[in-house]
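The next part holds the structures, each set out as structure tokens.
Both of the next two complexes hold chain A, though its partner changes from chain B to chain C.
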Partner chain A sequence: MTIANVIDIALLVFLGLTAFAILKLRALFAVVMLSSVFSLVSACLLVHLDAVDVAFTEAAVGAGISTVLMLATLALTARREKASTRTQALPLIVVFLTGLALVYGTLDMPRFGDPAAPIHHHVAPKYIHDTETEIGIPNIVTAVLASYRGFDTLGEVTVIFTAGIGVLLLLGAFIREPDGLKIQTMHHHLVLRVVTKVLIGPILLFALYVQAHGDYGPGGGFQAGVIFAAAFIIYALVFGLENARLALPGHAVRVLVACGVLLYGGVGIVSILFGENYLNYSVLGSTPVHGQHWGILLVEFGVGLTVSAVMVSTFYAFAGQNPPISDEDW
Partner chain B sequence: MSALLIDAASWALLVLGSIFVLIGALGLVRMPDFYTRMHAAGITDTLGADLILLGLMVQAGFSLVTVKLVLIGAFLFFTSPTSTHAIANAAYTAGLRASPMDEEGDAPDEGGDSAGERP
Partner chain C sequence: MIAGDFLGLFNYWIVIVLMMLGLYTVVSRGNLVKKIVGLNIFQTSVFLLYISMGKVTGGTAPILTGKPEVFSNPLPHVLILTAIVVGVATTALGLALVVRIKNAYGTIEEDEVQAADDEREFGNTAGTRDEAR
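The block that comes next holds the complex of A and B.
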């Protein structure tokens, strides 16, 4: 057994223990924190499997933003789960059978890392071989995500867009505009305010770096959008929702939600107008490779725009349900 | 020779950092109440993480990786004391007080959860 196996097994054991603890605990605050831990451990596992881009997304979305959103949800509901009165035998049997079926299904799959597996023989060699000449960027993941499989990514962005619209509709954020914006003074939390002010700039800069650097290393629109949104969410958490809405109004964010998907789809339309297939970027620049660079840059920007706008407006929608905490309550 | 020295230095830093992380984890489990537990957790954030980062920097040499590690260290330097402060502040605001020592200098054995109700 190699050291790599030991690390994998240790991380998987941690995952299993965390999942079990999440099932067993009734204190929902601890459950939220443990699900954040779960995401972080899976991110470690993905790094160890060399899927750095996925790990980055998992760490940013799972351990970062979704924890904040779940805490915001928790603030609206109870902090303890109600004890279930029903018998749990039937669900246990169903879960057990499903698990057995899944394990049985994996028996037919090729072993992990098997070089003879079909996935290594169908399109992957083409991507690995042609990315340098056709797309001209070092990070093959971004080439596959934004160019070869541009349709899939358009679908993913549309899913995020639809989810964001759904959340906004359910929470009624379209009706509830903040009336009479008042600036809270927040005399307390001096340390938090100062550190937040110091950190927001670097966080935004890092988001832009991740956004622009997706061609060369792990990163891209999804991760950058989440990090960009995190800067606004931390501002809203420390300085109050009203102040965040002054800096970035809710109606502007809702427009941006649509703008990202529009930009993505628009790049496809433009490539049709230039006489190519939908989302074939080769015609956008002076040379095909140059056109690919332009296309990937624009498409990733659209992804980042939609993701960050959906995250911020979802947070606004959740946090807007709470009455603002006045200074005297601290 | 210098490669050996670099390896030895980075290993020493990494092992030392790991030991501090281990001490922090042990303290987190063993300490009697909330505030002392947070004191133990602080060791993980500061000494442990910084020593491990330093060990990685020694291993990376003068490169872009070292610059990134320095940035990570700077972020930790700002964020972990802040989060510790925020947690302690929240606990204090919620009414949790440090558990008082009795005559022999031992902490009471009820643990941190009941400490808040003490006069």
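The block that comes next holds the complex of A and C.
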């Protein structure tokens, strides 16, 4: 048993304990905080499993944005879970049997870390081998994401776009944009105010770095979009939604939601016009590799635009609801 | 051999335990926010399962450095990276639904929502259902 195994097992056990605590606790605030912890620990585990890009995303999304959205929901709904009156026997049996079946299924799986596993001998070796010559960027994950599997990623961006539209429709953000709504802010917390002002600049700068540097290291449009949105969300949390709307109006964000997807799809159309297949970037530059660089840069920017706009407008929609719980009650 | 098998499958087993904890939270708890947290746990476990499968012993993160190295499989990373962001978008959609349910029913407990629906459909059933509890 090596150190790597020990770290692996310790993190997994910690995840199990967190999940169990989430199941048992009835105070929803604690549940949401623990789910944030769960995300952060799983991000650590993902780094350990060599998935640095994924860990980056999980830390930004799971521990950041989804926690904020869940807290916003708690502020609008309830803070305690009522004791359940239903019987627990049937769910327990179902879950136990499902788990048993899955464990039985793992017995035939290739062992953890086995280089001979079939998953490593399908298309993955091609990506690892050809990225340097065909795409010319060091981060293989970005190369696969934006170029080899660009079509899939376009689909994912469309899903995010659709989910964002769904949230806006459900929360009525298209119909009314409340003006002068008295929303609880943390404006009277001096420390929060000062720290936020210091932090916003570096957060935005970091987001731009992650966006631009995604070709060379962990990062890219998805992570950058979430981090960029986080800067606006922290501003709205501390200085109030009205002020955030002055800096970045809700209708402008909604236009940006569509712009990102359009940019992504547009790059595909341009490559068709140049006589290549949809989303084949080779024709966009003087040489195929140069074209790939341009294509990846543009579609990653489109991804970042849509992701950050969806996150910001989702937050606006949640925060625009009138919260029934006052600041002091928290 | 047994020890090798145990270490070789430990990741998958714990991931399955996590998945089942998430699933149990979704099925057994009536609070809708709690259900969404349970769904998130389930989702994260699936992510961990995929990434575990992509790990190669002695491998490193799939970023070219110019040196010949063993890389872990980048393909699951790409799948899961996008899945995480799609996951938060769908979570937001779920939470928006919860907010609307709260506006419509005044509660986010599934049992109470169902009771209110029953009442609306069949008239006042408080005498039968609530006493039975």
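Here is the rule we use: the second predicted complex is superposed on the first by the 314 of 330 C-alpha atoms of A that agree within 3 Å, B and C clash if a C-alpha of one lies under 4 Å from a C-alpha of the other, contacts with A are read in each partner's own complex, and residues count from 1 in each chain.
Keep this in mind: contacts are C-beta pairs under 8 Å (C-beta built on N, C-alpha and C of every residue); 3 or more make two chains touch, one makes a residue touch a chain.
Nothing here was measured: the structure is a model prediction, and the numbers come from that model.
With both structures placed on the common chain, the touch criterion links A:226 to chain C but leaves chain B unconnected.
Contacts of A:279 after superposition: neither chain B nor chain C is touched. Look at A:318: by the touch rule set out above, it reaches chain C but stays clear of chain B. Chain A has more of its residues touched by C than by the other of chain B and chain C. Legend: residue contacts after superposition of the two complexes on their common chain; A:102 is shown touching chain C, with no touch to chain B. By the touch criterion defined above, A:241 reaches neither chain B nor chain C. In the superposed model, A:296 makes contact with neither chain B nor chain C. Of the two partner chains placed around the shared chain by superposition, chain B is the only one that A:195 touches, whereas chain C remains out of contact. Contacts of chain A with chain B, set against its contacts with chain C after fitting on chain A, share not one residue.
The touching residues of chain B, when paired with chain A in their complex, are 75, 78-79, 82, 85-86, 89, 93.
On the side of chain C, the complex with chain A involves touching residues 4-5, 7-25, 27-34, 36-38, 40-41, 44, 47-48, 51-65, 70-78, 80-93, 95-100, 102, 107-109, 111-112, 133. Here chain A touches chain C in the complex through residues 1, 5, 8-9, 12-13, 15-16, 19-20, 22-23, 28, 31-32, 35, 38-39, 42, 45-46, 49-54, 57-58, 61-62, 65-66, 69-70, 72-74, 76-78, 81-82, 84-86, 88, 91-92, 94-96, 98-99, 102-103, 106-107, 109-115, 117, 119-120, 123-124, 127-128, 131-132, 138-141, 144-145, 149, 152-153, 156, 159-160, 163-164, 166-167, 170-171, 216-218, 220, 222, 225-226, 307, 310-311, 314, 317-318, 321, going by the rule given at the top. On the side of chain A, the complex with chain B involves touching residues 189, 191-192, 195, 198-199, 202, 330.
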